[in-house]
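One chain, chain A, appears in both complexes that follow, with chain B as partner in the first and chain C in the second.
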Partner chain A sequence: MIDFGRVQKELQECSRDMAASGIKVSPKSDNLARLVGTIPGPIGTPYEGGTFQIDISLPDGYPFEPPKMQFATKVWHPNISSQSGAICLDILKDQWSPALTLKTALLSVQALLSAPEPDDPQDAVVAQQYIREHQTFLGTARYWTESFAKASSLGVEEKVQRLVEMGFAEAHVRSALEAVGGDENLALEKLCSG
Partner chain B sequence: MQNKDGPQADGELEAATSNPTPDFDDWAKFGDDDIMQQQTAIRAEEAEKAPFVGDKEPLSSLAAEYQSGSPILLEKIKVLGEKYAAIRRTRGDGNCFFRSFMFSYLEHILESQDRAEVDRAKSNVEQCRKTLQSLGYADFTFEDFFALFLEQLESVLQGNGTSISQEELLLRSRDQSISDYVVMFFRFVTSGEIRKRSEFFEPFIMGLTNATVEQFCKSSVEPMGEESDHVHITALSDALGVPIRVVYLDRSSCDSAGVSVNHHDFIPAVGGLPNASGSTETVSPFITLLYRPGHYDILYSK
Partner chain C sequence: METGDEINICSDNEVNDYYGEDANNTDCNYDSLIKEEDSLDSDSDSPVAKKRPRLEGPPDRNYKVLKQSDIRERQEKTIAEVAMVLSVSKAVATVLLRHYNWSAGKVHEAWFSDEDRVRKNLGLLPIIEFPLDSTEVKCGICFDLFPTRDEIVSAACGHPYCVECFRGYIRTSINDGPGCLMLRCPDLSCSAVVDQDMVNSLVSEEEKQKYSTYLYRSYVEENKKIKWCPGPGCEHAIEFDDNQGWDVTCACDFSFCWNCVEDAHRPVDCETVANWMAKNDDESETKTWILAQTKPCPKCAKPIEKNEGCMHMTCHSPCRYQFCWICLGDWHNHINCNGYKEDKRKEVEDAKRHVQKYNHYYERWAAHNLSRLKAVSDLGRVQTEQIEQLSEIHGKTQIELGFIAEAWQQIVECRRVLKWTYAYGYYLPEAEDAKKQLFEFLQGEAEAGLERLHGYAEKEVRQFLNADERSVNFEGFELKLKSLTGVTKKYFEKLVRALENGLSEVQEAGKSYMEEHCISYFEICELPN
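Showing the complex of A and B:
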């Protein structure tokens, strides 16, 4: 059985110091076994300015078993699957301890955003890029942050739509937007000059 | 078996083909889940083989285990037989030291009805609580584990409404919802003590794992199933103020004077001073554990 008393206390503690940590955990419904965590992208990383949502589900053995965490927001990172959002982090597996909490686990996920470990990848494609074409990696990660992790990123699909309607191929539009970090006008310039 | 596998395999195939995106990284994700599942399976298998805490067995059962094994070990078991009468095995799940300590300690209180010892232990537990608080642990992360241990400690004393029998103690030690909580309580106490006296423990930890004190506590003390070493034993013994004797059953042999069995007494440090084991202390341990490389069981004196 999940120790719901403890989960309650964790949620209270988390909301108490949300202002300081920037980390939020809230129940998905009235069932405390499914929660959503929110972490701000760390400053000085390609994730800066983004807000990342993480789906959390608590196994029956919680807090003896680790919470299951998965990015709901798409993110470009060597240790996070770009497809599924699965996270490769030791404390979510065999290094979990009941001494940890949802908040400390989310803080570790946030720290992972700052310090990728490409030698122990979750996403082999991203990890290859991180090692071999680091500039491209940074650009892509920034673009994904712009596109998926910002409130304004809702507009990206519309930008794509508009540029496609001007007669550019969608693949070109997307790579142009990616190259300029999501700015529609710069992307248009790039498309015209290319 | 093959018939059973058939539909399952089909199901997987279906799931795979109905997935529209090419999962480059699926192998990695599957690997992790696979490992977790495998670990669960291994634990379940272990659970079938042995309870968390076994029944008391005569020492001869230990000899039987090594019948066709090393002659040194058989000799040593014979020597053990001069002092010890019985063994109680614990499950080899990485928590065996803490589990052995738990049962042995509570059984000692149950048999001795030593109220003074319980009062002393309680005040040490309060100290441990303060240690964790001062180290910045949130109360709710450890309070349930503390409460459950104190409850067990109360219940082995007779004369209050909740007192329990030897059989009940054994049942509780085998009940995961109690046993694991007490193990975790000890892990908290151990981690708190190591962090509090990090300067003392640092060189031992460096020698063991080349990790920092912080890393060591996070990766080798606080997670369930992480095995214990002399660092853990020293810290727990000091924190709770309970002396522990560990008898070593391994293949090392002393050349000339025939076979002897080594033991080491962990005598609690007094007033935060380093653990001065081997000194002329008069404290003698009432807990004796048998160590075989990688595993601890409980030993009973004659």
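Showing the complex of A and C:
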């Protein structure tokens, strides 16, 4: 059975220093077995400025068995599936220890965003791109952050639509937006110059 | 030092080392063995051996069969010895031994050269007591506060966890598998070991048992000199001493190669066997498809699948050869190939020939394998039913009838050898014609001898199983079966020896070897009917 006493203590502890860590965990339903974690994209990475949501589900053996974590926000990263959001991280598998918590696990996930390990990929396509065409990788990762991890900013679809209305072809608009990391003005410049 | 008293149960283990110590003796010593047995048997005036004339394995055989009790005894002895020499607990000795593959010698060497380093690497830390002045202790897993230390446990590092949480931690690890043998403090930055004493103090009987089973298994699995017998349902292990021939036979009668754990395959080497087995796996599924759907590129011979409509084919780079799919001719000077030309293309023929060659060897390898399995079950039937029936009808003791089981054991062993000679034959370079001839000659003789023995043992015995036929010549049958067994054995010894020498006789004597050394099979078999 899940030790809910511990989960509650974890939630309290987490909300206490949310300001410092930026990491938030909140229950999805009222039984505490399903939660949502939120981590900010690390500064200085293509994920900067994004807010990433992670679905957490606690197995019966928690905290002796690791929590199951999966990105709910789409993210372009060698160790995270671009399709399913599955995360390849040792502490969520055999290296888990009951002395770890949801917060420390989410901190590790955040650290993974800063330091991808393309040699142990979850998503082979992304990992290949990371190794062979690093600039393209950075562009795509930024574009995905822009499109999916920034709820507050304008959605990409709206930008696309506005640029298309200016008379550019949709395919060109999308590739220009992707190349400049989702910035509408830079994309417009690029479209006008090219 | 490294191993305790060695329990050798070779004597109850009736293993035939068929091509063992008598390998240099070109005369078959079958007869001399019977005579030896006879002379021991002073009551008997019959020429028939009362004891089963079998070749026992040499006393200094290079492997030992270990029963469960032997393994436990050795393990306990080694642990006790290390604990005593190092003045540590048995649980700590166990941690050390596991790390050094159960070699007491290596433990001593490492420990006495740098104890501190060993302790640090293995997490065998000096015990740190948690400060007593703190009023409340927080469990590192459930985060509850505990007013006294009574409910708190720690490894040597002193990281505090409550009894319930630590128990849950150990229990989860035990249920996860043998990884529990390497359990450390739950704190990720801490390497303090959780040893068997601590495990036993916290978990249930059932879990202790599980832990101890993993520990028992690790003695074999992490030991570089011991391997489990892969025989179905067998729980013995085999300890191997040196590498003079890898084939071993367990007390359960299962024979295997200690090196690659494939079925015993002497005289063929492990590499050939591995190639052959891998080839068999590949061939069966893929080959059929490739043959049906592809053609080899006429230049580089890589199989090419035609996946578009036109006949203009271009091979993959780096080859890039362009050719016509239908006639396999060069595309650059291709005009048409609709006319019929009786032109057997070498490349196509080569590919076909290769498949035919493989099929030839595979078919025989598989047939002898099946025949061997059948012989194994027949041997069982002979030993349980047939000998009993014959004993009743013909008034002979079961020991007197041992020669029949002996013949069947020889058949089983010969089928095994013969099977592997077909893997050997497949890989024998085609260019070495003289070797190939010698090989096929020896293999042919051995096979013919075996077929005769197998057929005789299988069919001839039937007439004696009928109670009305007491008058028929049973002594004649016995004599002939014994002789056939001996002759067949001799042929196989010769074959095995030749293959183990890499057919080197060929270089020395050329083709005349066959004339000089190989007496005609039928000469030897001129025996009474």
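Criterion: the second predicted complex is superposed on the first by the 171 of 194 C-alpha atoms of A that agree within 3 Å, B and C clash if a C-alpha of one lies under 4 Å from a C-alpha of the other, contacts with A are read in each partner's own complex, and residues count from 1 in each chain.
Convention: a residue touches a chain if its C-beta (ideal position, glycine included) is under 8 Å from a C-beta of that chain, and two chains touch if they have at least 3 such contacts.
Keep in mind it's a predicted model, so treat the numbers as computed, not measured.
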item	value
Clash or fit, chain B versus chain C on superposed chain A	clash
Touching partner for A:P98 - first (chain B), second (chain C), both, neither	both
Which superposed partner A:F64 touches (first chain B, second chain C, both, neither)	both
Of chain C and chain B, partner touching more chain A residues	B
Partner chain in contact with A:D123 - chain B first, chain C second, else both or neither	first
Partner chain in contact with A:A86 - chain B first, chain C second, else both or neither	first
Chain B versus chain C as contact partner of A:K9, first or second or both or neither	both
Location of chain C clashes with chain B - one stretch out of 38-46, 164-172 or 362-370	164-172
On chain A, positions contacted by chain B and by chain C	3, 5-6, 9-10, 13, 64, 94-95, 97-100
Contact footprint of chain A on chain C as seen in their complex	140-144, 159, 165, 168-169, 171-172, 179, 186-188
In the complex, chain A residues that touch chain C	3, 5-6, 9-10, 13, 61, 63-65, 91, 94-95, 97-100
Residue ranges of chain A in contact with chain B within the complex	3, 5-6, 9-10, 13, 64, 81-84, 86, 88, 90, 93-101, 121-125
Chain B to chain A touching residues, read off their complex	21, 23-26, 28-29, 32, 35-36, 39, 137-138, 140-142, 144-145, 180, 184, 187-188, 191, 218-219, 222-225
